[in-house]
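Listed after this line are the structures, all set down as structure tokens.
What follows is chain A paired twice: with chain B in the first complex and chain C in the second.
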Partner chain A sequence: MLHIKPILSSLMRSKSGPVLLLLQIILSVAIVANASFIIHERLTMMQRDSGLMEEQVLSFNVYNFDPAIDNIQQNVIDQQILRGLPNVIDASSTNMMPLSGSGWMDRYVDSADEDTAKSMPGFALYLGNEHLLNVMGAKLIEGRNFRPEEINTQLDQSGMVAMVSKPLAEEFWGDESPVGKIMYQGAQTIEIIGVIEKLQGAWVNHENFEYSVIQNIDFGGGLKNKTYMVRALPEHIPALEEAIVKAFHAENPNRVIDGFSSLLDMKKESYSNHRLMATLLSMMVILLLLITALGLTGMVMFNIQRRTKQIGTRRALGAKKRDIVNFFMVENYMICLAGGVIGGLLSLQLGQQLMSLYSLPMLPMTYPIAAIAGLLIVTTLAVIFPALKAAKISPAMATRSV
Partner chain B sequence: MLSMKNISKVFKTDLVETHALRDFNLEVEEGEFVAVTGPSGSGKTTFLNIAGLLEGFTSGEFCLDGVNVSNLSDNHSAKVRNEKIGFIFQGFNLIPDLNLAENVEVPLRYRGFNRAERNRRVESALEQVGLAARMKHLPSQLSGGQQQRVAIARALAGEPRFLLADEPTGNLDSLMARQVMELLENINQTGTTIIMVTHDAELARRAQRNIQIVDGQVCDFSMYQKAEQSVVTDLQQAAGIQQAASSNG
Partner chain C sequence: MFLYYCDLAWRSIKKTPMLSMLMVLAISIGIGITITTLNVYKTMSYNPAGDRSDSINSIQLWSQGLDTWDDFQSNITYTDTINLRNNNELALKAASFRTGLAMQSDNQDIEPVLKSIRITDRDFFSIFEVPFLYGERWSKTVDSQPAYQVVIGEKLNQTFFDGQNSVGKTIYLNRKPYQVVGVIKEWNPQPKYYDPLNGAFNDAEEVFIPFSLTEQEEFDVWGNTSGWKFEPMLTYQDRLNSEKTWIQFWALLPTAADKQQLQTWLAQYVEQQRSFGRFTDTAKTPQESFQISDVALWLENNDVVPRDNKILVGLSVLFLSVCLVNILGLLLTKFLKRAPEVGVRRAIGASRGQIFSQYMVEVGLIGFIGGIVGLLWAWGALTVLHAEFNVDPSVTGLDTSMWIITPLIAISTAVLAGVYPAWVVCRTKPSVYLKAQ
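For the complex of A and B:
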């Protein structure tokens, strides 16, 4: 039997201890539910698939100091050197690195008529040649890649074609295929020739993070300083850095090659704040649950000490050991459930505040429920051991004078 | 009703062995009112704890209500305590956070009675001790005598075969002690066997039978009382014969 009524009566008559514990539980549930939600949000964000071969892509910068250099020619030579290195799968120049926190963003329209043109959402604008898709490991799901003869070297040239990411296509054209559609940048037209399954931009916190466009411009030809991307298997990447420097200097020593970074490292760096937040909040959740568990254990131990004679008397009057264990479990489950329900409601209120203040999504009901369930487990672990100890109190304690 | 044969209880520590009871023998018949007295440390409480199945013993045999209870499991002991034995403690041992009805209800809940049966028994037991009107009061709102009457009601509610009272009047003044004693006598008259441990010689004398525990062994004064009674009867008879002879002469 659970004996809920007398336990409740007893709790109502000596409230101070249980009320303090109740407050602790209420706050714990409210904070743990919201913190867990934020942690989950951050983890989900960090685990988003970039659609790229993050661990296989290495990027670096080249700073040319030779005044006689022909940028376009040097760009072609450099890429040939890179592709000729052992273990290199492919290489390309680029104007920006995905997930790096720095890059290009643009917004095109769907018509040349300014009055009727509809603006597309903002997107990350990648400039590259026919190798870029393969270097990043992105997957083309519709249409085609650039042809070598289509590659431009300047932004203002004609014959612009582009590949767009699927999320961008779906957002703007819905179920309709974007292949063959024309995007307009002022008077310039850009024809869509392919759809990439997934290609994220540079800014992990941006709402248009999944919207990207690659245009047929070998950007390395336009500038003295260039950024290259090289793809190789992860085990070959460490040795590749030295090989690249050596090969580039052999070709032309008047340049500095640095800023080697894998896409994986860039991703880690971009998500570092989120990781820190998730770690801190996780520690806070663990700490809160631990403090609550200690509070529960402390109160149960205090109550056992205070009620030693009462426990002996209950045993003398016919309580079995399991009745004593049940007594303490039920008593604390009641406090925990009451605190859990109030804390759950408070967590929803707190979630509303966070939603309005920090633009967080609405706290789903599953989080308060999970927090209460977690707290029930904590209660069980915190109470069961002292309760088992209490059950060992001899019934003969009833006749002792202390 | 209660039969203890050669019961020994030894408390062992690393250094010493203390014999709380040694070769303790006692037979208590159904319906008896037995007072147990003895000096402090003689083994009274140990006897009471063993008789009430509150603790085990080292050797011997103990039968309660015809059943050997020497080696019962913890759960089985609890069941026997709950169903057959009523306890009255010197310090009343009421639960301060529960009202009188809830206190009396405690053993009934452990017995698994339904609410209607519990309520019936609680009301009846509190009525028996004259406190039915105060069942919603807390123990702290009652005098010591009243609290002990609640404890008696709690013991009676389970309708036990015998009551074990541990210094039931030890914490009461003489008037209240007398009232409690009268209540116990009334309960005994209904057929309930009572064993009462007491320091109070006057109260002990009111019991049908007196035993004294000295150094963990029983000194049964009932045989002295019987012998004394027999001597008195013989003397009275002798005096009667002498009187008759002198009047005839």
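For the complex of A and C:
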């Protein structure tokens, strides 16, 4: 059968080699399990769909520094200029860009009575006009968009209406439709008129990333520094940047126009740390498996050289080639399994440490198991070739030198 | 003798090229990864304040209400800023926040540029030891009586004034004339420890204007404004009167007595403010309602080194230990193979110590080569990080200390891995092998 007993006793005779291998496998399992868990976590994070037309949205900043400029009026003119440019599908002012790493957050309550009011979770607060939804390419799944006559220019005006993202609605109102509900901020009331399927906030690491609200305020008028979003086909975007600067400066030269960036680039930038982490850890896992495999191959090759006589003798006494290969494979699997079990426990311990120190989520059992399985495959590959070579040793080799 | 051992080692390495290459590869990859993460960690955790780290202190206040924020905010309110600025017990102190304004000069050929601007007090330049090229900071009176004065950076001076001494000349910020009183030399501490809140590795501002102008000029805040309760903020005055936090406050406290004095003052201050109906979180005593953080603590509290980085350093050290175990196995294999040779050498008079040192030299040599190759790996990896992932260049430059640290780690790893095999082989009994031959 598997002849575990003689293998075990031969392992026991020269302990240092197997012990080192065992140690290496224990450490490898611990590292690979935790690293691949973090990799998976980051990849899942990066794959979250923004629900927007990322490659079609271009944003930029305008800074009007001339005190003579009437910002509210200028905002209206500027948006008309933008919508009039060739190849522009739509344009809107906004107070923040999704996925950009900088933006607004707020939280409203569900009642005017301060004592009983329940606070909503924190959400990204977008301020925009009736064009904003179309510019971003966000999908309205319930209710309606703003009407042009509803648009305010200041935060303190009355007649506030809002569209909320579906995850926020589900979190706070459950299955109930939020359309028609009133949100409160101080004395101000904000009526919900629509639900957006997906709209993320500015910070990709924020726990309330999927919670957003758009309010009917054309905010471009409120500040000297404004952000505009333009939607156009990707092939038109490079030429558009120049056209925008030209058209804006032609209208009034006393402003700085910069910060052109597509939503796709912002997203890439925001996730770059996670991409980096995932890449580095993947490299680590691959190199680790490579080093383990190479080291193992080297050691098995040496063992075979040392045991040439032994193998030859066994062959002479009737052992089949398969038996020789089996010997090395079983030896390997025994070490691997022992190392895997200890390494698995160690990886859970390491995961626990990471969890308490850096508030990483709990390491699921599947990762150590997968790491052990991966290691079994890699070590099989590392051992099988030298073992096949060993099986070719002819019995004569052994008898000759005795 | 050492050179002879080196020669022997080199021959031995050449005799088993595959095995030696495998060992160098293992050690170099381990070193490469460790040095890469260590380098990023080291530059990120660098404290630019050096031995002044203890003296430079930032002040945080627990001005929030009960059950709101769980931590001290890095910023404080405008009200508290003004009161702290009026504390005459503090010798050197500075409020600070960031804004942006469009900059022009009398030279109409230069396009207006939108510049990031630091709004602060005169003492800022002494606290952070900002070096001046021309002129000096604005006078003490400007901190209390606002004046349109400005300190600019060397590079801007080059762009707008051809690098000439521009003191007394005028620049326009949002079309308002400001008089240049000083030009500072290139100054860009990394991390940007005086304000790491919006990007700890962003470049320092190149334009500085007096904080005393804030009220009349109503500068936009290009930083975080945080509130713990609902307060309408429609005008700039609302912002100034609010409980929102958005200003950093620095003080130079060279001695323990200075710190003690400030602590006493702050405790009294909190009590006084409570009588005005502020600082409503009564779960905190006045002594617990403030925090004086030196630069080291400040950098830590503002998470200048991301946790990902710490995880990476930990994992790469583990990785290196796997490499170590790997090499240990390979060395054992290799040395045992040479046991007959050792037997002969022992028989003709080599002492155990000599055999041991011979093998340790060989191991050291492997470690050294591995270290050099590893440094190349690290350099390559850092270059890729910079090119592919927009990691800041100040973090991806190979720190000079790495030239010493790398061979040190590499050789000690190799030696650590080599001790046991070398010990095993030097214990070889000559008789066994002489007999066999």
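Note that the second predicted complex is superposed on the first by the 398 of 402 C-alpha atoms of A that agree within 3 Å, B and C clash if a C-alpha of one lies under 4 Å from a C-alpha of the other, contacts with A are read in each partner's own complex, and residues count from 1 in each chain.
The criterion applied here is as follows: a residue touches a chain if its C-beta (ideal position, glycine included) is under 8 Å from a C-beta of that chain, and two chains touch if they have at least 3 such contacts.
Given the structure is predicted, the values throughout are model-derived calculations rather than measurements.
In the three-chain model built by superposing on chain A, chain B and chain C fit together without any clash.
With both structures placed on the common chain, the touch criterion links A:Gln157 to neither chain B nor chain C. By the touch criterion defined above, A:Ser119 lies against neither chain B nor chain C after alignment on the C-alpha atoms of chain A. Shared-chain residue A:Leu294: touches chain C; no touch with chain B. When the shared chain is aligned, no partner comes close enough to touch A:Gln80: not chain B, not chain C. In the superposition on chain A, A:Ser111 contacts neither chain B nor chain C. In the superposed model, A:Ile38 makes contact with chain C only, not with chain B.
Contact with neither chain B nor chain C is seen for A:Asn205 once the two complexes are overlaid on the shared chain. For the three-chain overlay built from the shared chain A, the minimum Cα spacing from chain B to chain C equals 11 Å. Chain A has no residue lying at the interface with chain B in one structure and with chain C in the other. Those residues of chain A that touch chain B in the shared complex are 1, 3, 6, 9-10, 13-14, 309-310, 313-321, 323, 394-396, 398-401. Interface residues of chain C facing chain A in the complex, by the touch rule stated above, are 18-19, 22, 25-26, 29-30, 33, 37, 100-102, 112-114, 174-175, 198, 220, 230, 232-234, 306-308, 310-312, 315-316, 318-319, 321-323, 325-330, 332-334, 336-337, 385, 389-391, 420, 424.
Contact residues of chain A toward chain C in the complex are 16-17, 20-21, 23-24, 27-28, 30-31, 34-35, 38, 63, 65-67, 102, 154-156, 185-186, 223-225, 254-256, 258, 269, 272-273, 275-277, 279-281, 283-284, 287-288, 291-292, 294-295, 298-299, 302, 305-306, 354, 357-360. The touching residues of chain B, when paired with chain A in their complex, are 45, 48-49, 52-55, 74-75, 78-79, 81-83, 87, 89-91, 93, 95, 97-99, 102, 105-107, 109-112, 138, 154, 158, 166.
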